[in-house]
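By written order: A, B and C. Residues from 1 in each chain.
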Amino acid sequence: MDWFFQQLINGLGLGAIYALIALGYTMVYGVLRFINFAHSDVLMLGAFTAFYIAPKIEKLSGSQSALGCIMVFILAAAVCAIIGMLIERLAYRPLRNRPKLTVLITAIGVSLLIEFTAQNEKVFGAAPQPFPQLLPEHALHWGALVVSSNDVLTVSVTTVLLVAMWWIVQKTRIGTAMRAVSYNQQAAYLMGVPVDRIISFTFGLGSALAAIAGVLYAIKAPGIEPLMGVQPGLRAFVAAVLGGIGNLPGAVLGGVLLGLLETFAGGISGLSNYRDAIAFGILILILLLKPAGLLGRSSVEKV
Amino acid sequence: MNAPLLELEKATIQFGGLTAVSGLSFSIGEGELVGIIGPNGAGKTTAFNMITGVYQPTSGTIRFLGKNTLGVRPNRLAGAGIARTFQNIRLFRSLSVLDNIRVAARLHNGEGYFSALWRGKGWLKAEVETEKNALELLEIFNLADQRDELAISLPYGDQRRLEIVRALATRPRLLLLDEPAAGMNPAEKDDLMRLIRFVKDRYHLAVLLVEHDMKVVMGICQRIAVLEYGIKIAEGSPKEIQVHPKVIEAYLGAAAV
Amino acid sequence: MAFPGAKRWLLLGIALAILASYLSPQFNRYYLGVIIDVGIAIILATSLNLINGHTGQFSLGHAGFMAVGGFFSAWVSLHAGASVDAVWYFPLVLIAGGLLAAAVGLLVGVPSLRLRGDYLAIVTLGFGEIIRVVAQNTEAIGAASGLKGIPKLTNLGWTFGFAAISVYAISALVNSTYGRAFIAVHDDEIAAESNGIDTTRTKVIAFVTGAFFAGIAGGLYAHHKQFLSPTGFDWLKSIDIVVMVILGGMGRTAGVIAAAILLTLMPEFLREFSEYRMIIYALLIILLMLLRPAGLFAINLKRRRHS
């Protein structure tokens, strides 16, 4: 029973990160109907931004202070928001009315460009580097259960951000505009919604979330390297599809479910080598059985 | 009288909570020319999509040549003799005029995967035959000169015509035309009416026509069914329909009655 | 008549391949290796062109089928011993690898081809990765360390012989009334269905045919490099093949062959900048999509796209 609860806690910690990344995939899909392959690389860039600015912040605010940690998160998010908007502006916007697959391939190209550039010795280099400790880590004991303070941090940051996202999308003017663009871009444009700016904003928001997820992921990971975003990015994509792509609560649900599933499967010997295959297996199963995802709605093609 | 070619019995289709077509009963016999009219959103095209197997009715039955078509895929129904055109012309955009016909004629080409790979004598004979038939069809409809042009590079009226020719190449017994006169000028509409009559007589087809243009419908249809909000509100000869109070109400509003 | 003597081209291709294999001892070993790489790339690109280009079903898992054919034929070769010397052995084991890849293609294709566009792309990518993970965990084919010491059986003759066959087979299919269905499905599935084409079946046939030739290419690759590692067949390899098809112009056989040659030779020319090679490659993909989405050679787009 303890084993079960321990896995549950670990799974939630992992799932929370997937959920954060999945939100970015889903929001971008919501407004543009395409899969932003470069999303996982923005996550990596977020981790590296934190890696480079954390020592500087430390000089200002002292070692492992809460304020410094918050500063690192905010700066990483801001830098990546700008990067995300730049990617959209330079690579995706010129392709707005082209076939989806053209955009998909471009996104793959952008992803490869970021990865290969980052791997260059003159940039980050391919070797993993230890990520600085932003906050002192404690292990909280609860009976036989051990909860890392990092998991608590992850889950609480994620919860706060999810509530913030929900608020932005449902309660603010710009959120209403995002929903309008998602529902019908043409009509939104005709109603005076500044479509370009909304899409840009969505990319910025999604990329900021990815950056925060990247920092959270880096805190837990043994080291950071240019391909660190690929695996969590992939899982998060699966999570977004699992929940119903384009659907915000769905992304969270999918992320948590996938985190739990993977943690439990990883705890079973023999299955752990197939972790990648499990994520893809789930993806394929959903797409074949319920392509609209758990919370999505299916649509009928008009003839 | 023979058993009808196509028979709809209380055919109903729902999308979510919306009933697009409700309890539609209706039939068409060999060689008949029947029109379906009704205001926008009345369910005319949806009825077409049910007949051709694109959508499955939620309840009720559709029989073609006496057989229930429930669950039969559109390509099978095309093979059985139902051909159609589309409201928003759907030609194969990267194929030539001739190849658009060849795709439809493939049903009667008879050659398969391995013979296409091997390219033996039998295959060549079948290919020559298919091409000859396709060209003859194009000849009849004055499209043979454009045989090598991309289908979508044709003028609009020719595209509409080509879509009808393509449907004919499947050798149907029932031809469904979805708003063939849409976007045509009066002269083109006259040509179209002649064309439809000609096609029906020459190929011994039954034709089912969805059309907004009253002149066309009244001019060529032997019988007309009127749909409103997915329900058939009237059926009869053009003369009967023109004076039918429910039809007038549907088109002009209650005040006109 | 619209039926060119395609078989003549096939015979010419095979004759050239045989001639080349007689001349091959004259060539520098390094160049010979590169030329064989080119031949294998031609098979991969033309076979994917049938799926992605002609039929319009965007697959991102072609490397998976290459892996199936490669690992199977390599495994057979490592166990077959003396019979490896026989002339008939190699083409037979290649075809066997191709057939196994085709069978896997059928298993993958039947469920996934119901999906469209980017969903199909993702699912095929997923299947490709699953094939790789399974290979990585299968002891019989060396698990993560792969297979070593595969006999060197691939030569110019077999490579270009099979390249000629795959180019012929795919052009012959597409340029028949039977095969116009592939293009009809590409253009408009609903219109294709209503004109009597079984779209699901057509897509699966394209997929299985493409997988077959990818499997053969995998076998040639295995007996060329003499070493196989599962990581060599990850989705980046699939992307490489996709880029060849896009660069050549989807559905244009000649363009796709030219792109396969160009992209295989490119790294050789960029040897001096090897540090930046992959960055240039990624930039090339983006620029290609932005500036020439219909392919590098798309000049007379209006006429006969599929020939």
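Here are some notes:
Everything below uses one rule, namely that a contact is a pair of C-beta atoms (placed from the backbone, for glycine too) under 8 Å apart; a residue touches a chain by one contact, two chains touch by 3 or more.
Please read all numbers here as calculations on a predicted model, not as lab measurements.
Taking the mean Cα position of each chain as its centre, A sits at the greatest distance from chain B.
Here C is the chain whose Cα centre lies closest to the centre of all protein Cα atoms. Rounded to whole angstrom units, the spacing between the C-alpha centres of chain A and chain C is 34. Note: centroid distance chain B to chain C, computed from Cα atoms, is 41 Å.
Measuring from the averaged C-alpha position of chain A to that of chain B gives a distance of 49 Å. In chain A, the residues touching two or more other chains are 303. In chain C, the positions touching at least two other chains are 190.
In chain B, the residues that touch at least two other chains are 54, 86. Those residues of chain B that touch chain C in the complex are listed here as 52, 54, 73-75, 78-79, 83-84, 86, 90-96, 98-99, 102-107, 109, 111-113, 115-117, 119, 123-124, 126-128, 130-131, 148, 150, 153, 166-167, 169-170. Interface of chain A with chain C (complex): residues 34-35, 91, 94-95, 98-106, 108-110, 112-113, 115-117, 119-121, 237, 241, 273-274, 276-277, 280-281, 283-284, 287-288, 291, 301, 303.
Of all the residues in chain C, the ones that touch chain B in their complex are 1-3, 6-7, 169, 172-173, 176-181, 183-184, 186-188, 190-199, 205, 251, 302-306. Within the complex formed with chain A, the chain C residues making contact are 58, 111-112, 114-115, 117-119, 121-123, 126-127, 129-130, 133-134, 136-137, 190, 236, 239, 242-243, 246, 275-276, 278-279, 281-283, 285-286, 289-290, 293.
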